[in-house]
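Presented sequentially are two complexes of subunit A, the first with subunit B as partner and the second with subunit C.
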Partner chain A sequence: MIEKLLAIFMTSGFFYIKWNMLVMWLIGFALIYLAIAKNYEPLLLLPIGFGIILANLPLADLMKPHEGLLWRFYHYGIQWEIIPPLIFLGLGALTDFGPMLARPVLIFLGAGAQAGVYITFFVAYAIGFDLKEAATVGIIGGADGPTTIFLATKLAPHMLGSCAVAAYSYMALVPIIQPPIMKLLTTREERVIRMKKLRKVSTLEKILFPMVSALVIILLVPAAAPLMAMFMIGNLFREAKVVERLNRAAQNELLNIVTIFLGLPVGATMNAETFLQPKVIFIFFLGLLAFMASTATGVLLAKLMNLFNREKINPLLGAAGVSAVPMAARVVHKVGAEADKKNYLLMYAMGPNVAGVIGTVIAAGVFLTILK
Partner chain B sequence: MADAVIVFLAGIGGVFLGMACLYISIKIVSAILAWRGAEEEGK
Partner chain C sequence: MAQEILAPLAGKIFKLQVAVGDQVEEDDEVIIIEAMKMETPVFAPADGTVKEIKVKEGDAVEEDDVLAVIE
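Up next is the complex of A and B:
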């Protein structure tokens, strides 16, 4: 009788729990806590946190290749490059390129912030990551979760979970990370610079933009095609105004569904054996460096542009070049308003902010072209 | 290290080149639209 009970107990997972699994549960619970109690990127951190716990349950085999449920989500959704481009479809449908088209020169601030990606890449390589791993760590500085996941899957799948968690965690911390750097690199006189009123952008320009930019960017960096193509078709749905059902579906139902299927398997890639390594600490440290460097290079580029432009740009706008949309733009507005309450920078900051998304996609495409 | 330097330079160069191409495209499109608008106004 006792032997039979013992045999039944041996088939349960309780008997196989290891200490490192408990550590992963704590990490999973911590992310869920941050999502629920602190509202830190809850749409992603909550499913990622739960995915971590599920992947570290003994005998459940949810990530067992070809059999586990979460493995199927991971394999057919992420490894097959379906979910990140679908997220971009939704983001395209949500994005208004009007502020960027009204003042195209601000596009370059979206490129300036990508310098932080390459600085971090270089530092990561110098401290011992290989080229592909260093690229994956560097792209965290783009502050774009789907692009980070897209690149990690192709270059360093073993780092997917940690890089995704680092990217989304720091995106939630943009209001804390960015302001001190922005203030350090600018004077009060620079922070109160008022921008010239934005011109009105015609509907035709907004319709033409997704088509023209898809052609230009995909021809230049073909490796960026999956993300760029879906981003721009989503935006065309929005601006064409004749496929409102598709536009709404892309913005809401589709984006919500793929978000669920993105978060769970990303969290599930973080099993105790691969995650609890000293390298992961470096990934988080370098991720923070990437965010800081991207903010700094964006601001510094704006200051550099002011040396040559008669019409001055408020250098705070450079910080919006990281693509955490619209959080980075809001932070720019807030820091600007601290210096001058009547200086409304939000709309101007949206230009480099959405340009930053395109910049990060190009940066990922360049990494893939050279390293894959 | 030479490989990393190449990736670094090609990366930054590629991003700025991409954005420059985008900037020029936007300028060309808006110039054409402005020209057509002015022409139609003239009629």
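Up next is the complex of A and C:
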């Protein structure tokens, strides 16, 4: 009888808990707390936090290769590169490219903010990360979760969890990270610049845009094809107006379902052995640097463009090139409204904001092409 | 002299801060519009009395829609 009770105890996981697993539980709980109590990107950080805890439960073997449930989600969803492109399908259906098409020069601001990605890449390489790891850390500055996950899966899977957590955490912190840099790099005069009214974008333009850009970008950077193709078909669903069932499914049911299957396995890759390493602290510092650098390069590019333009662009819009949609656009509006409460920058900021998404995917494609 | 208050951006009417007949001063907050999950205030362009309010809370508006008239 005693042996039987002992046997039950010996087969329970309690016996096998190590201190580093407890640390990971704490991290998981912390992320769940941030998600619930502080509303930090809860759609991702909640499942990620729970996935972390689940992956660090001894004997549960949820991440055991070929057997674990979470391993299967990870392998078939993420390693097979299905989930991130499906997220992009939903994002494309949600995205209105009108504000960007109305003032195409704003595309450059979306591109300018990607310079922060490359700056961080070089800094990461300089301090000791290898090329593939440095690229994965750099892409955090693109402020795009699925792209970060997509690139990490291909270049540095051991850093997938930490880079994803860094990316989503800093996205939530955009209202804190961006304003000081935006104010540092602009004068009050620049911040009150009013933008000319956006022209009306025709339906034809909005229908042609996803098709033309998919063609051009996929031919130019074939490595970006999975993400770009899904993004643009989603956008076409939205703009065609004749497939509303597909459009609605992409924006709602599909996006919500794949979001569940994105967060959980990403968190589950963060087991104690791979995560509790000094390298990971650098990932978080560099991720922050990436966000700050991208904000700065976006704003500075806008200021540079103003030297050549009679019609000035409000340089704050450059910060919206950091493609945390629509958080960065909201931040731009708020900082602009602080300087002049009647300046409504929100819709103008959406231009670089959505352009930045494309910019980040292209940046990831470039990294993949060069480093794979 | 009647002045129209136009929507400065597209969104949803979140809150009406004034009613017909209220006295307003230039730059008073008259309506709050919600766009991209953010509340943005619309301000009175001049002093006057609210003559007409053309929208109600929850309405979707486009940029430049007439929201209210002040005299």
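The rule we apply is simple: the second predicted complex is superposed on the first by the 372 of 372 C-alpha atoms of A that agree within 3 Å, B and C clash if a C-alpha of one lies under 4 Å from a C-alpha of the other, contacts with A are read in each partner's own complex, and residues count from 1 in each chain.
Here, a residue touches a chain if its C-beta (ideal position, glycine included) is under 8 Å from a C-beta of that chain, and two chains touch if they have at least 3 such contacts.
What you see is a predicted model, and the numbers here were worked out from it, not measured in a lab.
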Exercise for the section: For A:V221, select first, second, both or neither according to whether it touches subunit B, subunit C, the two together, or no partner. Expected result: first
Problem - Partner chain in contact with A:G161 - subunit B first, subunit C second, else both or neither - result: neither
Practice task
On the superposed three-chain arrangement, identify whether subunit B or subunit C touches more subunit A residues.
Solution key: B
Exercise for the section: Go through the superposed model and pick first if A:G51 touches only subunit B, second if only subunit C, both, or neither. Expected result: neither
Practice task
Answer with first, second, both or neither: which of subunit B and subunit C does A:P326 touch in the superposed model?
Solution key: second
Problem - subunit B versus subunit C as contact partner of A:L346, first or second or both or neither - result: second
Problem - subunit B - residues contacting subunit A, complex - result: 1, 3-4, 6-8, 10-12, 14-23, 25-27, 29-30, 33
Practice task
Would you tell me which residues of subunit A are touching subunit C in their complex?
Solution key: 197-198, 326, 329-330, 333-334, 337, 341-342, 344, 346-347, 350
Exercise for the section: Using the touch rule from the top, collect the residues of subunit A that touch subunit B in their complex. Expected result: 101, 104-105, 107-108, 110-111, 114-115, 117-118, 121-122, 125-126, 131, 134-135, 202, 204-205, 208-209, 212-213, 216-217, 220-221, 355, 358-359, 362-363, 365-367, 369-371
Completion exercise
In their shared complex, subunit A is touched by residues of subunit C numbered 8-10, 27, 35-38, 40-41, 43, 63
